[in-house]
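The following pair of complexes shares a single chain, chain A, combined with chain B in the former and chain C in the latter.
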Partner chain A sequence: MKKRFSIRKLLVIGFLTLPAFAACYPILFLLAGSLMGRDELKANLSPVLSGGTGFIRWSLLPAYPTLREWVRLLLDTPEAFVMFWNSVKMTLAILAGQLLVGVPAAWGFAKYRFPGKKIFFTVYIILMMMPFQVLMLSEYLVLDGMRLLEHPLSVILPAVFSTFPVFIMYRFFCGVPDAIIESAKIDGAGHLKVFLHVGLPIGSAGVISALVLGFLEYWNLIEQPLAFLKDKSLWPMSLFLPNIDLSRAGLAFAASVSMLIPAFFVFLGGQDYLEQGIMAGAVKE
Partner chain B sequence: MKKKIIQMLGGFLALMILFTLLSRAADSAGIPRVTTTTIQSLSIVHKVTAQGKVEENREQAVTTEANQRVKAIYVNEGQQVEEGELLFEIDMEELREQILNMEQEIEKQKLQTQDSLSSKAVEAERKALEQQRASSDYADAQSQGDRAVERARQELEEAKKALEEYKKPSSEKQAAELKRKVKEKKEAWDAAKKELQALEKELEDAIAEEKVKAAGSTETGETETKETAVPTAGQIENELKSRYQDVLDTAKEKTDAAEKEMQDAEEALKEYQNGAAQRKEQRESEKGQLEQAVRDKQAAYEDAQASRESSLRSAGNAVAGASVADAQDSTARLGEIEMEQKELALSKLQKLEKAQGKIMAPIRGVITKIALTTGDRTPDGTAILLADLSSGCKFVAQVPKEQEKYIARKDAATLIGGDDKKIEGLEIASVQMNEENQEQLDVTVNLPADTLSMGQAATLEVSRKAGSSRSCVPLETLHYDSQQAYVLVAEESQTVLGTEMTARRVDVTVLDKNEKYAAIQEGDLTPEQKLVQSSDRSVEPGGRIRLEEE
Partner chain C sequence: MKLGKRTYKRGDLAGLLFVLPSLLGTGIFLLVPLLDVVRRSFSEAVSGKWTGFANYQAIFSNPAFLLAGKNTIRFTLVCIPILLVFSLFLAVFLHRMGKTGSMLKSAFLVPMAIPAASVVLLWRFLFQPQGLLNGLLHQLGIQGQDWMNSGYAFWILVFSYIWKNLGYDIVLWIAGLSGISENVYEAARVDGAGEWKCFISITLPNLLPSLFTISVLSLLNSFKVFREAYLVAGNYPHESIYLMQHLFNNWFLDLDLDKMAAAAVINGIAIFMLILLLKRVWESGDGAG
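And then the complex of A and B:
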């Protein structure tokens, strides 16, 4: 009986492992690629990158592992670091801006009543639904009118005023019991004190999950900087090596892996909040 | 757990900071540090310097008669001689011997020439004679031939005539003659017969008449008859017959004679005709002989003509041969010329003898070469070479051919002598290709008197200022890519790393250059552009650079 169960379990595990592996495969692919030598990459990738014939071959274990491309990335390519820090700066600025703007907005939507609140919130949700491509032109015109093109703010500001974190945090702030707020008010706390000392601590999980989600989104920005920034020195790491040729394929793999590391850490650290945030977004009223 | 993760994230970021710095450092270590300059307004001065030597301006060769034995040489190479100074001496004994030889040779030549002239005259005479003889031979041949031909022609004519004669109807004619005679005789006989008959008739008529008369008279005329004895008819007849008898007899005789003659003639004809066949044969053979004779004569005539032709021809050839001009014979004239030459040589030798075999310096100068050795014979060419001191000295230096454009005739030049003595204000006299080395130019400067002495070494300096240019760059800023010259302009450019200096390649056209600066086409560069002048490592066009602070 027990054995049968275990066989079934094994089957299930095996059945599930396959798609799990398939899902993880790109990351393994990257890791293996970043450790391959140039010749090996050339032999493997020539069908797509230099007009060779046949199909791409790939193995998860490099035949001749080397750290050459890592050394190249870390020591010989200051440009990569410029972009890396651009990404860091941009993401941090966006998250900070969202803290300043989005958190109070979410608190306001959650806890205050004002005329047109529902309409505003609906508009917020509609905006949240819109993909960037839809808003690109109007954003571009607005940024151009504000003389913000060719400036990091052109990427930062629209993201700061994004409605998605507001929506996420709104869910959490709604969960703050009104009784606590009222008792705080009775104790003489003003609106600000209530927000800072009651709302934020209770809704911190929502804030953090919004920030984690935001980080993962903005760390990987591609369209916005590409649309609004021409100066390469302002580009984020996600735009490093937009054109991969064979001589730089290894570098691209290494850069991609390095790009993955902070996101990985942030994911690990904010995993719990992330799940909560996603759940919060999933529950519709 | 979370703390750990945050620590790891922090560690990662710290690591990234570290590598950022490291890669920056590594990168900037690889960037060439350069110094820059800008274009300058300069005039390019081309300075040509060359080492050279002072040489004589003009050389004069001292020559003498060739093949003389040198007795003594009184000068050395490098020695300065005055005009008229004794240079060397010729052995007189040998000279005299040569003069004697020469005189004898001239005499010989003279005799030869005379001989040649006289033999020429004799020859001419002989020739004239020959010519004359040939022409008289020709005339003889002509007249002889003509005569022979004429004779042959006459003979031929005669033969022809004879044949012709013979061919004429000799036998027929004879036969005809005979026939004609026969006919004649016959006619004569006929006529005689007729006459006889007529006479007989006449007689009969007369008889008849007489008979009638007699009858009438008997009737009417009986008287008469009776008067005259009237004869009877028979009587009358007899009377008439006798009267006529004579006539008849002669007529009869005549007829008989004619008949006889005719018979004779006929006989003769018959006889002739009988002998005709025989005669014909004879005639045929005679005719053949005659024809043969004509043919022979004809051949003889033709032969005579041909022989006249051939003898005339050979005589004509002889005349032509005799009148052919003799080949040109210039022996005499050549001999004369040779003699003249020898006389000239002799006069020279005599002149040398007169000068006691002493050769003097023709000008004031320095001996530069002696091509003589005491005791040996003098050469055909230069015996002694003299540098003419009166015409001054010149300085000659070799300059590489590439510098040809910077040095030209009439350029101002400065000479620096061995003791740093500067001679200024000189002028380039000539710039010519070196005869031995095509890559070199000979530059000549005429030296004023008493500046540098012959053989002295000196340095030539020629500066030529090209027109000033507002775009001059130091030579080290210029780079060449095959033939195209370019400079590297330091420019700020936006890179991922921010504003960086990069070296941009700007192609320029070099108009002129000397060893330090190059003038480039105006407009190729602006005065603001910073040109990379020097760097601590090689700068690639388009590569990043760092300006060295001054």
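And then the complex of A and C:
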């Protein structure tokens, strides 16, 4: 009886590992490609590059791994370097802004009663559900009126006031026990002190969850810079990558991996928070 | 708890101060734009003259709008049910597997961390006319396709959406599954219920409340699939994946502002209604069950 069970279990694991491997395969693909070296890539891609017949070849791992394309990306491609830093700056600025504005807002919504709270919060939820396309035109006009177009702030500012992180952090702050807040108040702590010394430490998981989800979102920005930034020197890496021609596949691979690495480390370090953040979005109203 | 009392203590107003910076910014960058879209949808772009429903009439006879609308609806109707069923299926197994299960779950979450721009490179390798997929088919003696320039592009997009969101939905389902008490299952097993019977009459009904939120979140995530579609195929992809966002981008580039405003309002209303409808359906489901 026991033995049959374990065989069945092994079968299930084997059966589930296949899609799990498929889910992760792109990472392996990109890594392999970035280490492949120019000649091997050229040989693999020759049917496309030379316009001949036949098909692209690919092997799971590079035959002659080399870091050459990495060096080329770092030293010989200033435009890639600029765009990588554009991505970094944009993402960090957005997240810093969300911390500064969104965290107190989430605390206010979670722990205070004030006039209009219910209406405001409902509006926040509705805004959270609207895709970019709905707001794109008027956001453009507002930004134009403020003379912010063609400036990184045109992407950063609207994102700072995104209502999604407020909603996520609100969920966590609601879990801070009122009794602790009351006792801090009795000890003479003011509103700010309660927020900084009671709310933030207890709700920190929510803040980190919102940051992890936010990083993965803003590291990937496509639509906003595409609409608000015409000047390519301001573009983030995510817009630059698809424009690399396959004849420069080595560079495309190295650049892809350079995008992947920060996101992957945030994922590894923040996976628990990522899961908590995902679940916080789903708790029933 | 003083329910229904409409007076606020001085301390409560401190809450408003916490929220105020966010309210101001959200008002300027999101709410005012939203209201402005509604106003614009009823007026002419250049003169700002009130035109009633003329813009709406214009978009509903616009072939590009109808195509994009049809594709977007089709995409939503196809990919969300597949995602929900497939992720539930995996979640049920992973939930019961303990440590191995949570490792595999991590693997399914990995796609969330892979930037759209990076994965597009793999797409280009796979789906080119001379790409890896056709190479594989060739070896099997099957004639290949120009995948991205055929109706298959739609299914590639569906696949990409499912690949990206599987882990997200698995996490949500597992959260729902963990909420079901083990005692209920034991009681049913004592009564002689098998695995399948347990799943149908205990697991599924108990997951019904989660279904609403998971559907809504999957819907919201489905808008992001435009990124992959745009990155791999640009402004004018194969007509089967010409989505609402493509249309908005193109109208934006052409400065078709009044059509854009009307279409944005229709989009917003459609999303809002859909979510209300889902909520309605599931709440009435709760009442009956």
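We take it that the second predicted complex is superposed on the first by the 255 of 285 C-alpha atoms of A that agree within 3 Å, B and C clash if a C-alpha of one lies under 4 Å from a C-alpha of the other, contacts with A are read in each partner's own complex, and residues count from 1 in each chain.
The rule is short, and it goes like this: a residue touches a chain if its C-beta (ideal position, glycine included) is under 8 Å from a C-beta of that chain, and two chains touch if they have at least 3 such contacts.
No experiment lies behind these values; they were computed from the predicted model shown.
After superposition on chain A, the partners chain B and chain C are accommodated together without colliding. Shared-chain residue A:V266: touches chain B and chain C both. Chain B and chain C, viewed from the C-alpha centre of chain A in the overlaid structures, lie at an angle of 90 degrees when rounded to the nearest 10.
More residues of chain A are touched by C (comparison of chain B with chain C).
In the superposition on chain A, contact of A:A254 is made with neither chain B nor chain C. Legend: residue contacts after superposition of the two complexes on their common chain; A:G54 is shown touching chain C, with no touch to chain B. In the superposition on chain A, contact of A:W85 is made with chain B only, not with chain C. Once chain A of one complex is fitted onto chain A of the other, the partner contacts of A:A32 are absent, as it touches neither chain B nor chain C. Looking at the shared chain after the overlay, A:W235 reaches chain B, while chain C stays out of its contact range.
Residue contacts after overlaying the shared chain place A:I168 against neither chain B nor chain C. Within the superposed three-chain model, A:L74 lies in touch with chain B and out of touch with chain C [touch as defined at top].
Minimum C-alpha separation, chain B to chain C, in the superposed model: 15 Å. Residue overlap on chain A between the chain B contacts of one complex and the chain C contacts of the other covers 266. Taken in their complex, chain A has these residues touching chain B: 74-85, 88, 231-233, 235, 261-262, 265-266, 268-269.
Only residues 8, 11-19, 21-23, 25-26, 28-34, 36-37, 40, 90, 93-94, 97, 100, 104, 106-122, 124-125, 128, 130-132, 134-135, 138, 163, 166-168, 171-172, 175, 209-210, 212-214, 216-217, 220, 223, 226-227, 230-232, 244-245, 248-249, 252, 257, 260-261, 264-265, 267-268, 271-272, 275 of chain C touch chain A when the two sit together in their complex. Residues 2, 5-6, 8-9, 12-13, 16, 19-20, 22-24, 26-27, 494-498 of chain B are the ones touching chain A in the complex. Those residues of chain A that touch chain C in the complex are listed here as 9, 12-13, 16-17, 19-24, 26-27, 29-30, 33, 47-48, 53-58, 100-102, 104-105, 107-109, 111-115, 117, 120, 123-124, 126-127, 129-142, 157-158, 160-163, 166, 191, 195, 216, 219-220, 222-223, 226-227, 237-242, 246, 252-253, 256-257, 259-260, 263-264, 266-267, 271, 274-275, 278-279, 281-284.
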